[in-house]
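In the two complexes that follow, chain A is the common piece, with chain B as its partner first and chain C second.
Here is the complex of A and B:
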């Protein structure tokens, strides 16, 4: 590998691929790094090459993304570093430095430009019973179904506020699984009213709405109840899930998928010291950026869900803008030329983000999240209960002080799961301006023996 | 305007412990902290209770080592302070004093250990030198590369997360006022004695002032028009995932930077003074308001030292590394006591003030009330009076 790459792209999802496609073929040294072995990202999570899945993601909505993925995989001047987790990102004198855990050990990668396109993750939602085996994120269920055609339960209940649970349920049903019910905590009238407030946006994104409608139809045919104004209160079971206590009464199930929205994967830009701001209503942090999607850290751009959750199409459009912007900064395009090339992508980016904003307000979990009880663990890495955290909040400290006092956020996930819940609680008592946890190395746990050999 | 006997600047271990001691003795105290209690070095450190002479005193030749060995007198007092702290505060601070081993891996290191033990014995500290096998008999987790060790039966560790908050709670219970999220911006001398302390939205009169602001102490001293040769240093700490009990002792290295222990929760904490990079101000100078960044070679060097001494660490996962900022003085010894040219102004900063902080606090509180202060003579700011010949 070159001593210093021209561009390192972290994330091989729609955003990373789109950027790579605009940077390839110009004599640059480029690597795309992803902790998954194969490119695709969340939405096109690919089955392992060694086993094929019949009719893998046959739906229409995926055609464009699959086409982009095929073009990306055909590139021959980009290094694909699959199975490599980026642990650290830090600015240096001449660019940025990454530390990655690769199948062959720890390796330091230096690059003049870095694009962070690391996507998002499901919002973790603490409620009574959420640590029982059988409770998953809806996205987690989808990942099983997509990449292995494995249905992680006999009878799955989906609950939350995000319409994605309709798509997940449809995928489960099509794969032959049983869905007990889909519960939306918010009333249907409110969702429709929100959509009606933005008729043009909704119209422009008719295919997505059609996908949701077709999912509804499939579910109806399969006899799966879809309920609105039906909050989930608690999950019951002794050593695994046996049911759920909901606004519709007790529902028997062995698996619960929670779907209250998504938060950006923000660890790397935060570690690099980039300026961040609050992401959508589900919480989390999004990277502040200029109109080439450059962050406040020189050489660091961000695209895709890491900018704020807006769906695969916006991710691809943003990836293209960021890729063109980097090529421009490397002197490959004149400013006017870059502007011209970016124009259609900017248009798509804006349209999709407007839709995403509408989706955000439809799916807004504020006021619809289940209530933890005193013993509910907010931080499951370090076993810190809701009660303990409420006690610490009363002492008046910042999120960092509460982390220090209670260990909440000190575990293996680095606070990715508990931080949104903690910040929400701080917001409830008028401390919504808290800057959150200080981001710490490493972004993923890593064996000490491997790290010791990295110097 | 509000008037107190003592104003304390800084809500770390030293400030909170002194507030507790003073208010217990009946003084009126106001402690002012810029951020949260325990937000500085006191909440970021390794939690080692190390009473043996530290490696950093040994690596710069015999003359400095000799001078530094005077600190042992304070360490001996600190052993007793730590033994009584949980009872005195009626709090669980996870104090464990199961002994500490400072190991050597080469013949040179062994010689260093022996010279160090001689100094310590001369100062009355109970330390013995044992060979590698004897060390492994006490601590079977040690690697075969360990040739010898100094063993101190008193050493150990406590939980930095809980110690300072417990001290703050005790100070409050004894009547101290604790003001957080209030930075001190001005320290003025009053005609006729005493000081005015002010910040955003508050000001008060105090007969005496203690600056216990850790790495910020030099900056606060400038508010009183004084030089104080204390410099910020940023250090690296690492935590492994939790694991079954395996290391009951404090483990240090005489020739390499390493400190290692297992917390009550099961994580191994690995540190030992590996440098990090302080954030800088554009025109030069350090910016203590921003997080210090990790130096890659420090990380690998620290972890390698840990694995060489305790090989089982190799298979554990690292879950978190962090940087913390503390203060070091011009001669490496702490600076604790009254500033001779400014009666009523006290400093307590520098050195390993997790281990020594409770002792500094007790001695300063007693000296402020007019009690004896000889134990603090070796660390008195008087030794830097020459820097303040044109100040004050």
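Here is the complex of A and C:
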């Protein structure tokens, strides 16, 4: 690998691929780094190369993204660094420096430009029983089905506020799995009213609405109850999930998928010191950017869900804009040429973001989140209970101070799971302007021994 | 058994991983997480109270699926680690 890359792209999802496609073929030294073995990102989590899956994700909604993925995989002048987790990102004199855990050990990668396209993750929602084996994020269940071709339970309950759970349930049912029910905590009337307030936006994304409607029809045919105004209160079981306490009474199940929305995976820009702002109603931090999706850190651009969760089409459009912008900054395109090339992508970006904003309000978990009880662990890594954290909040102090006092957020996930819940609690007592945890190294778990070896 | 491999599709070669000393069947290409859940081994680690904990995000971000690789004692994420024939892990960490 060159001593210093022209461009390092972190994330091989729709955003990272789109950027790479605009940067390839121009004599640049480019690497795309992803901790998954194969490109695709969350929406196109590919089955392992050793599987043969006829008709994989054949739905119409995936066609464009699959086409882009095929073009990306055909690029021959881009280095694909699959199975590599980026642990750190920091500005340097001549660009940025990344630390990556690769199958061969820790490696430092330097690049003039870095594009962070790390996507989002499911919002982690603490409630009684949520640490029992069998409770997963809905996206995690979906990834098992899509990529591992595996249904991770015998009877799956989906609960939350985000319509994506309909798609997850449909995929489980089509794969032959059993879904106990799909519970939306919010009433249906409110969801429809929100969509009706934006008829034009809804119309422009008719295929997505059609996908939701078709999922509903499949689920109805399969006899799977879809309920609205039906909150999840607690998950029961001794050493694994055996049921759930809900607004519809007890439901027997061995797996629960939580689907209350998504938060940006923005640890890397935060570590690099980029200016951030609060993301959508589900929480988390989105990276502030200019109209080429450049962050406040020189050489660092951000695209896809790390800018704020807006779906795969917006991610691809944003990736294209960021890629063109980087090529422009490298002097490969004149400013007017870059502007002309970016125009259709900017239009798509704006359209899809408008749809995402509508989806955000339909799926808004505010006021619909389950209540933890005193023993519920808010911080799953360090086993810090709701009661302990409430006590620390009463003492005053910032999220960082509460972290020091209780260890909440100090564990292997680096606060990704507990920070949104903690910030919501601080918001409830009028401290909603808390800047959150200071992002700390490493962004992914790593053995100290490996770091020592890397020198 | 907990969970189902989708039938009618071709998976990789049949292999065996070892979880807490016991053989667990897997197919090349599967993650350790898939092999473990399919064998009804839903506990991936144990917390400070020695309570069993399961996989949560299945995408590498939560670290709930950390198991201990016996060969070198390293903690690895089962949801990102490909099952390899003879790979041995423990869940008591």
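Going forward, the second predicted complex is superposed on the first by the 455 of 455 C-alpha atoms of A that agree within 3 Å, B and C clash if a C-alpha of one lies under 4 Å from a C-alpha of the other, contacts with A are read in each partner's own complex, and residues count from 1 in each chain.
The definition used in the following text is that a contact is a pair of C-beta atoms (placed from the backbone, for glycine too) under 8 Å apart; a residue touches a chain by one contact, two chains touch by 3 or more.
All figures in this text were calculated on a predicted structure; none of them were measured in a lab.
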item	value
Which of chain B and chain C A:412 touches, first, second, both or neither	both
Partner chain in contact with A:140 - chain B first, chain C second, else both or neither	second
Which partner, chain B or chain C, touches more chain A residues	C
Partner chain(s) touched by A:357 [first = chain B, second = chain C, both, neither]	neither
Contacts of A:445 with chain B and chain C, given as first, second, both or neither	both
Overlap of chain C and chain B interfaces on chain A (superposed complexes)	382, 411-412, 445, 447, 449
Residues of chain C touching chain A in the complex	2-7, 9-13, 27-31, 34, 37-38, 42-44, 47-49, 51-64, 66, 74-75, 77, 79-80, 82
In the complex, chain B residues that touch chain A	35-39, 43, 161, 165, 180, 239-241, 265, 291, 293-294, 296-297, 299-301, 303-304, 306-307, 313-322
Residue ranges of chain A touching chain B (in the complex, touch as defined)	88, 90, 97, 99, 108, 273, 382, 396-398, 400-401, 404-405, 407, 410-412, 414, 438, 440-442, 445-449, 451-455
Interfacial residue positions of chain A with respect to chain C in the complex	35-37, 42, 47-54, 83, 85, 121-122, 124, 131-137, 139-141, 143-145, 148-154, 175-177, 239-240, 254-255, 265, 380-383, 411-413, 416-417, 444-445, 447, 449-450
